[in-house]
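Below, each structure is written out as structure tokens.
In what comes next, chain A is part of two complexes: it sits with chain B in the first one and with chain C in the second one.
What follows is the complex of A and B.
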């Protein structure tokens, strides 16, 4: 684990070995990239904030393998699928799904419950009830949290009761701007 | 994006094999096949229908001929669902309307496979720490279909299921209630009665009967009209049809909705409509999940000798083949090994690699129609060469073989290794064309000893000299030598496409000769790609 002074890793976070953290990063509250609770960040994910303002990421998001996030704000309970791209200035609502290899446009505001899918980056609003989505999403997160540690090197920091984790894997977070 | 893709596909290099399709073509022309071969025209519009990549071709052992998808006959072995891999018996394919009658549905929005999900309501206050216990919702049935790609689910259209299995059967009831389905069934009943009455007793090959919809009745009504049937039809006219349903009401207010349309996502796309052929709705809410289409496994036969070329395993799960006579395993495979950029008026050397899939040594003769065609000049430096047999063991010791072979390399032979020989061609493009292509007649001769299973590599090596001398055997002719050896030879045309020709960059003279094995001139001139199309049309005009 890097012991750089600028990096603060908050409580109840799990950060993988071999991670590459650049710049001033705070995992936990405060800072240019603020990641909320209960997020899952998989391998080769890039989260960049090039803006002077903070990039706030909400709770319960899943960033799947190799996705690229450069938004201005990410809500909660979103799924960013493998190799998806969120371009600069995009603000993502809640309960959104950005499908595999799909991307958003620049400086776009994506409403809640939007699904981007397919090779033409089609969009639709999911209509299932909020309860249903959240229960399905919670189960999905639980499953991932159970499975991911089996295939990644994870070192638990802090008290053992801190079960909600942010498993951040190799080269997960980069932060280029340091304003 | 789309136009870009087509462009790149246009100029991608390829090696295509020509199949004469002797059984499809007129038999009178096949007599003069010798003549036809000489005038093999790669610019004829039909060339795309008679040349194929080697992966699409078959090889008939008995005819000793290449067979293409046009000259094989297909018979259906089994029907199965690609999703659940259930084999559907031929008898019930028709009644199930060619679709999976079990649990497989495709998404009406994005056409991906749907999965069955148990609906669950979360606890009133979901705690993020503890996993929520799924509870069956009080309202509605507990199961629904859900798409993992676009997150559509069947609850949107109020479709839920009592059980997680046999979904199609559960849907069947509601489907049968629909007026259009009712009307269609009524029509079918009416005409089936009539057709059964009028059917003359013709016997059809069983292979045709296995095609759903191609029943005895429909076949005879379409093609097998005998005079007798006509007479009968006159005497027994179709009785007056009375509709079962008064009128299938159209979507109310559709025109208004279309006029006031503001968002593309409010109406269905063409793909979505075409997937629901029965009513083709414009409103997204009226889209229904469709059962997945069945697929077939097929036997392929040679048209002339009726021998089986391809025979898959009967079971849907098995991916093996009982019989698999593909061209890849029987005729020399030609691949473009090295292809530098073709520059106008510059001599360039390209390398074609010939691989021998057979367990016998073969000798290859290459001929080109004419040295200069409308694209430019082609010279083969080594028109005759041998290829050593294929040997599984030697595949692993490739380095050893190639070093031994390299010592006695001939002129024009780039490399010999394993079961392949690479040949140098000299290309001089004379016109700036979109696609430089030239025809190449490949003739190969191999020696089969009588007991060819026990044949070792060593005897083949020994007999290679004789093979060389007996090159002059006419194509498609089997002649016995004085020893127990049979020489087989086969000739076929190939079309070799080498991509586009670019103009020489300014400053370099047109007569520059590139030596062998120099670095590919990729960095030099990538400028004049756009102008090539105009130039090509000019040349074709002057030709005609």
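What follows is the complex of A and C.
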């Protein structure tokens, strides 16, 4: 992680070492890429903001392995599955699921509870209950907060009690903010 | 068709006693929880997550990989997770012998049998149904051949 840029990391986030963070980034709560609380970012995820305005990512999202996010806004409680792509200018609502290897169109506005799935990037409305998903998410977070520090090199910022919010799984998270 | 001999820079790979060839540019998390059967090749930019282990104490094998396996460039192996009886946990993953996983594929399956070929850029998700069996002889030959022809070269 470079030391020079304005990277702010919020409370209880877990950020592993040897990840790539470029440009102005805030993990936790107010810059060009703002990541909310309780997000899970897995391996090889790319989050890029090429717009001059800030890319705001809400809370409780899951970015699975190798997904690519270049949207204008991401809501909360979304699941972006493995190798899914969110193209430039797209804004994603809340409780959405972008299935594995699915992609959105450019400059699209995706409403709340949309599920994108299948070969032809079909759309439907979410049927699973939000409670079920959020309880799985909370448990997943608890697990990662406990396990990740045991096996990975964690950079401790500030006092031990105020350790950070986002468990970013190891390796190559490219976050590029344009200026 | 006869596959060609593939040369790799000698300095990039570590060769273990059992003949595993592991790239130094791969990411292996929690290596104490990973078992490689021997003569397995792990190429550049692979990620194996041995750190995502089952909750509860004691030593646990998270990823077990058999013999003559090939994890091609950029493939990602991570154990599957689910909540069972209210507890969230990752579960161990087992990969058989003579399995080749193509470039950029993501594998989160609980088990992969022997003699399986997974193509490029595939995503194998968590806990789906069991997929069918395959042709043993062909794959045994193919993976052994690949191993023998994966040769170091001093550059």
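The definition used in the following text is that the second predicted complex is superposed on the first by the 126 of 179 C-alpha atoms of A that agree within 3 Å, B and C clash if a C-alpha of one lies under 4 Å from a C-alpha of the other, contacts with A are read in each partner's own complex, and residues count from 1 in each chain.
One rule holds in what follows: contacts are C-beta pairs under 8 Å (C-beta built on N, C-alpha and C of every residue); 3 or more make two chains touch, one makes a residue touch a chain.
This structure is a prediction, so every number in the text was calculated from the model and none was measured.
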First (chain B), second (chain C), both or neither touched by A:134: first
Which superposed partner A:85 touches (first chain B, second chain C, both, neither): neither
Which of chain B and chain C A:44 touches, first, second, both or neither: second
Which superposed partner A:73 touches (first chain B, second chain C, both, neither): neither
First (chain B), second (chain C), both or neither touched by A:118: first
Which superposed partner A:142 touches (first chain B, second chain C, both, neither): both
Chain B versus chain C as contact partner of A:126, first or second or both or neither: first
Overlap of the chain B and chain C footprints on chain A, listed as residue numbers: 135-136, 139, 142
Interface residues, chain A side, partner chain C - complex: 42-44, 65-66, 81-83, 100-101, 135-136, 139-140, 142-143, 147-148, 150-152, 169-171
Residues of chain C touching chain A in the complex: 27, 29-30, 47, 49-53, 55, 74, 76, 78, 81, 83, 87-90, 104, 106, 108, 121, 123, 125
Chain B-facing residues of chain A, complex: 37-38, 59-60, 97, 99, 115, 117-118, 122-124, 126-128, 131-132, 134-136, 138-139, 142, 163-164
Residue numbers on chain B that touch chain A, as the complex places them: 109-110, 119-122, 126, 128-129, 131-132, 134, 149-153, 155-156, 265
